[in-house]
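In what follows, chain A forms one complex with chain B and a second complex with chain C.
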Partner chain A sequence: MDIKQEYLSAAYPGGAKKNIGSNIRAVFANPLAQIALVGVVLALVQFLALGGMISSAFAYALGNTLIYAIVAIGFCLLLGYSGLASLGTAGFIGLGSYVAFYLIEGMGAPYYVALLVTLAVSITIGVIVGFISLRIEGIYLAIMTLALAEIIRSLLMVLKATIKININNIVLFGVNVNEKAVYLLITATFVILMVLTSNLIRSPVGRAMLAMKDSTSASQAMGISLMKYRLLAFVISTVYAAMGGLLYMMYVRNMTTATSTLLTLSTSLNILGAVIIGGAKSLWGTTLGTFIIYGLQSMFLSKIRFFVDHPAFITMITGLLIILVVMFFPGGFAQMLAAFRGWLRRKRIERRIRAYVDDRN
Partner chain B sequence: MSMTGTERRLLKKARRLKTEIEMLTASRDLRIERETEKTAARRAEQLRQEGLRAAEESFESLGADEIRRAITEKRLREENERYAALRKEILLCGYLLSDEENEALASAHESHLERIREKTTAELSSLSNPSAGKKLELPAVAEEGAAPDTTKLRERCDRKIENAKERLRNVERRLESSGASNRQAELEEGIILRIQDLKMYFGGVKAVDGLSFDVHEGEIFGLIGPNGAGKTTVFNCITQFYKPTGGTLLFRGRENEVVDLTKEKVHDVILHGIVRTFQNVEVVPELTVLENLLIAGHRQYSSGIAASALHLPKLRREEDVIRYKAEKVLSFMGLSAYAGAYAFGLPYGILKKIEIARTLMCSPRLIILDEPAAGLNDTETADLARLIRRIREEYSCTILLVEHDMGLVMDVCDNICAISFGKLLAFGTPEKIQTNRDVQQAYLGVDEEGESDGTA
Partner chain C sequence: MCVTALAAFAVTIIFRTSTTANFAQGAISAFGCYVVADLLNKHGIPVWIGVFAGVLVGVVIGVFIDLLVFRRGRHVNELGKQIITMGFVSLFFGGIPLVFGTPERIPFEAFYNTVKAKTSPNFVIPALGGEIVITKHAVICLGITVVVLAVLFLLLKYSKWGLGVRATASSEFTAELMGIDTHVITAISWALACGLGVLAAVMYAGGGTSISAAFMTTIQVNAFLACILGGFSTFYGPVIGAVLIPLAASCVGFLANFKGFYGISRWQMVIVYVLLLIAILIKPEGLFGKKTLKKV
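Let's turn to the complex of A and B:
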């Protein structure tokens, strides 16, 4: 550097140093930007499938997995933030799908009407379960919700054993839509709910829920109403589950209650598993967990001959994965990622120390 | 005594308005502070530019020594900064240095500094500047213009505050006309909390059995008694964690009204300014220290769930203000350094302080401390006594504490109530309690006349 310039900067230090790299990093650190980015990528998959660059079966499976991801992020708020256990997810999904059937197929209602009714029904159920959660806790609450889900399932079976929606009946903003448009609708729903949830957990509501989970007495002393936030947590998770059911019905379009695994305990357990191996406090971890539990099978393993011949091995692999993750990283993928980052950071520090010591010439 | 619906509504409104005024005031302070900082930064940058220009013009006439000194200093400073940054990074990622590594780092740093000195001397040996030239005069910092003109901002904020105050006065006037006089009849002037014939039975166990005492406004009140005497139960009754079996709990609220605490919900008690800490610290480990304080400000947000889900500007403004308040409290408690640290794994003493800090977030009127000195060493206990007094001065509130450390109780308390098996044993000033025979017996066992000189 020129001596004059260096002297000037020595006598008058300071001045803004703009670093483009750090600006870009700051943008990507923003949760909303991350969600938007993922949303764009997900939507792009459908367009690539339309262009024939990705198999449409893959895109279909992705849409299916996203539906479960929607359910799972609602559950994440319930389990990871509010510390409430529920095994009734399948029942709440079933509610959404039956509302979709009766409104869309039976009455020819457009999507937004079906959505509003789903919201109303699921909020009601959520409030009821929330009230019950004030009286019983922990494992008893889980069993209670399980019983509730079974009641709902039996009720739905009695109502109508097989439900089927004609694709021509699905109307979105006055236009008849096909499966591909429903995929985009699923992506949009996922993005919107992700944004809302991520906002909630970074707001007083999220903090209140965490406080309630860690110490009911401290949170009450600080003015947090247990009733309000338990109800809220249950309402959110039921609403998300019911919306998942609604989208499922529009996407898959038929279901036989007696044989469908969607309404059984296995779905509730799968969602629970997805949230736990993903990291109950991390929305991205939960999404990843859903992809491991549901997506791995439908998007990748189903292409391999061996697994097509022996589907039981798929379940075994997922089971093994859950065991390993929970054994070594009880905080799920989120914890795994944090540990990996810590390891990287230490490696980098070691390198920097060596560089500093060696830099003698 | 029973309040009418209108009265209750008015009281609620008055309380809300008071919170609003407080938020507006904090918001005004915050905005003025930010404005001042911004102006100061702008001013500093301006001065820097001016200085740069002046120095550029007069560079030729500067002395070579001066140039050498400044450049060497700068290079050394940069090297020191690099070293400090590396050290900090090492500390932050929890990397444990071995002794050799530590030494190698330190000696490398020394040799770097030495090399920079040599290199700079060599590089600057052939300066054309006069060897005894003049020194650079730094332009003086002009006083005017350093402080920003915040009168307009202040006026605007004050107008809002005045507006809210006017509304509050209106509400208060209406309260008065609705029969305020008989509302105050039940508590004499100066009494903030009256416990009368309090009973709390758990099945056959009479944890508190007919206890009565008054707490005066602004005093530090101690509740003592042997283990299992029912002290914490009394606290739990006051804060409505337990619904008392019988008796009355009267509290003088923010509007000078008399609140029947037994009719309040447990999470609404804080609205009257009654806040507490817990015997076994209840801090949320998954949140940072600052966020733990924000939880205590939970009821000061007026934006609801929808605003939270959408992160509306209103919520962000409130969040800003409450964060600012929390930072103020943290610096009052000397906890600023921990603001961003997760509460998980912090030392016990710090956690206890966080709990106390939490009580200061909501303009407290009665702070209830449940064994604040438990697990603290002697110096920490002495600090605690000072802190308790400082809190009373700063926040002009009443403090009620349960404590086993008799040194602390006798030191800070104005009045002490000693209980045993849920019944009143003695009441009075520390001196009176110390010499009370019943108290001595309860603590030291029966009989042994005259041997003990008081307390444990």
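Let's turn to the complex of A and C:
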């Protein structure tokens, strides 16, 4: 027998048997199927909560986390695929929530109008800020967006002390809905944006962004317009953040501008932390990171006394994790997981080969 | 204004020597300020010694950050370094309430009340039919800032250390080849920056601001903007930028005295930021910056 064939048959003894499961496996290797599956599971949580099988507080916290996950996906595109760091996420969330408040509470507009206006406003602001701060390389974007977030925060404080939407004013496709239905809307938005983003990443645009991240000079030489793709990534992340704000206003419906932590720098840092810790180059990693930073806190740790008394402890751990991950695992948890799986597979094959060799001797 | 100048200088020196924007500047300063406040309020230590201790804490933190993180993380790219400093912000935001308990307080209130009992806190200068009121606090701050910055600029220009910093700033690799111990230089600049940050924070809080983990954020934003306005490529540019920004803000505030601009003071900072954006749009490398060319 050919030595290569011998090796293969020893390492993968069940080569033929695999075919049974491979159809299902092939379906789930498709990212769209994965996203759809997660979407169905997430939606199921709410129905189980309605049936009383899961506590509704858990479902509520999950919805909250999903909002942050939406924001984080946009940020992932900006940081992981274009190599730009922004500190203005909180500002754009605030922008979205104010637009939502103004339209829904002030003018009684239905959801889709609010959505369209949010998109328009965030795209406009994103283009203006991006165009100015992306003209030069380096840290300018982070600083300008930091300043912008401060501007929006002070602006909101001047405009309105408490932003509050009456539950009767939230109308979704002609029906008056409560937060349980908004949860489903959040899930749907999450799924749609996830699909859009994963398609974008695999399109020429996404490839151009990746090239740009790896080497600006080389990608420029290949004919990639830096400004165009950077601006695109920045605007997309702005839009996602504003969408997050819009959904937040519909879901939580209440925000005090002066004290809300949603508008401060710590939100931007938490989103950044979520993306870094989860893995800046992987959408699932980013989602996982959001669940680690926001989900753990609101869904599980809030039951433990120590963390209720010291919420700051979680912020501290986030900071520590960011530093360690950047220093030792630049790919985040996604990279760790992949490395672990590779290690397992190697071990398994090693064991089989050893057994085969032992057998022959 | 003085506070921003000090903070801007601190940001620049780290940016030049370790090629990263130190976003943790404000958080570290706030930490030092808490130390000072605790020393003053709980142990009744005189202000000068307290400030000295606070600055020392800042210096120690700065050296630690450089030794533990940045020296090891040299292979980390520029973006990674920035993100590490953002991680430090998170660390300090979480750490400050844990270490010092209550989140907000006015640290120097007790100190001020004793001073106020004896003398008025303001100088009043009669001028042009009106009166100009200057707080003694502002005068003291101005004095400290001018002295500190003058000493630093003289050192930068004439001392061996200053030469090392300037060499490291222009090219770390070449500086190393020329026999400059760049490790020591970056460690010193981190120490210096964090120490200056604490000094700035104490001066800012001394004006009667209540302090919290995030109370330096506004100052820091201004400092960064000052750096951009002045241009990162010189050491004096950011300081001038730091003077210009509050000056512009007060000019806008002054407009409120005229009819038709009545409500403008609320929008003061917004207008200044927009002006800044325009300035950057026109001259991206800063007012005193030089254009850097990059080789592939």
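Note that in this section the second predicted complex is superposed on the first by the 317 of 361 C-alpha atoms of A that agree within 3 Å, B and C clash if a C-alpha of one lies under 4 Å from a C-alpha of the other, contacts with A are read in each partner's own complex, and residues count from 1 in each chain.
Criterion: a residue touches a chain if its C-beta (ideal position, glycine included) is under 8 Å from a C-beta of that chain, and two chains touch if they have at least 3 such contacts.
Note that the structure is predicted; figures quoted are calculated from it, not measured.
Of the two partner chains placed by the overlay, only chain B lies in contact with A:R352; chain C stays clear of it. By the touch criterion defined above, A:M327 lies against chain C but remains apart from chain B after alignment on the C-alpha atoms of chain A.
When both complexes are overlaid on chain A, the residue A:I317 reaches chain C alone and has no touch with chain B. Once chain A of one complex is fitted onto chain A of the other, the partner contacts of A:S217 extend to both chain B and chain C. When both complexes are overlaid on chain A, the residue A:L200 reaches chain B alone and has no touch with chain C. With both structures placed on the common chain, the touch criterion links A:L226 to chain B but leaves chain C unconnected. Judged by the touch definition given at the top, the superposed model places A:Y112 against neither chain B nor chain C. Residue contacts after overlaying the shared chain place A:F340 against neither chain B nor chain C. Common to the chain B-facing and chain C-facing surfaces of chain A are residues 217-218, 221.
Interface residues of chain A facing chain C in the complex, by the touch rule stated above, are 79, 83-85, 87, 132-133, 135-136, 138-140, 142-144, 146-148, 150-151, 154-155, 158, 217-218, 221, 264-266, 269-270, 272-273, 276, 310, 312-323, 326-327, 330.
By the touch criterion given at the top, residues 3-4, 6-15, 196, 199-200, 202-208, 210-211, 214-215, 217-226, 232, 281, 342, 345-346, 349-350, 352-353, 356-357, 359-360 of chain A touch chain B in their complex. Chain contact summary for the complex, chain B toward chain A: residues 44-45, 48, 51-52, 55-56, 59, 62, 67, 70-71, 73-74, 83, 86, 89-90, 93-95, 97, 101, 104-105, 108-109, 111-112, 115, 123-124, 127, 136, 138, 239, 241, 265-271, 275-276, 278, 282-287, 291, 294-296, 298-299, 301, 305, 308-311, 315, 319, 358, 362.
On the chain C side of its complex with chain A, the touching residues are 15, 20-21, 23, 69, 72-73, 76, 78-80, 82-84, 86-98, 214, 217-218, 221, 224-225, 227-228, 266-267, 269-270, 273, 276-277, 280-281, 284-285, 294, 296.
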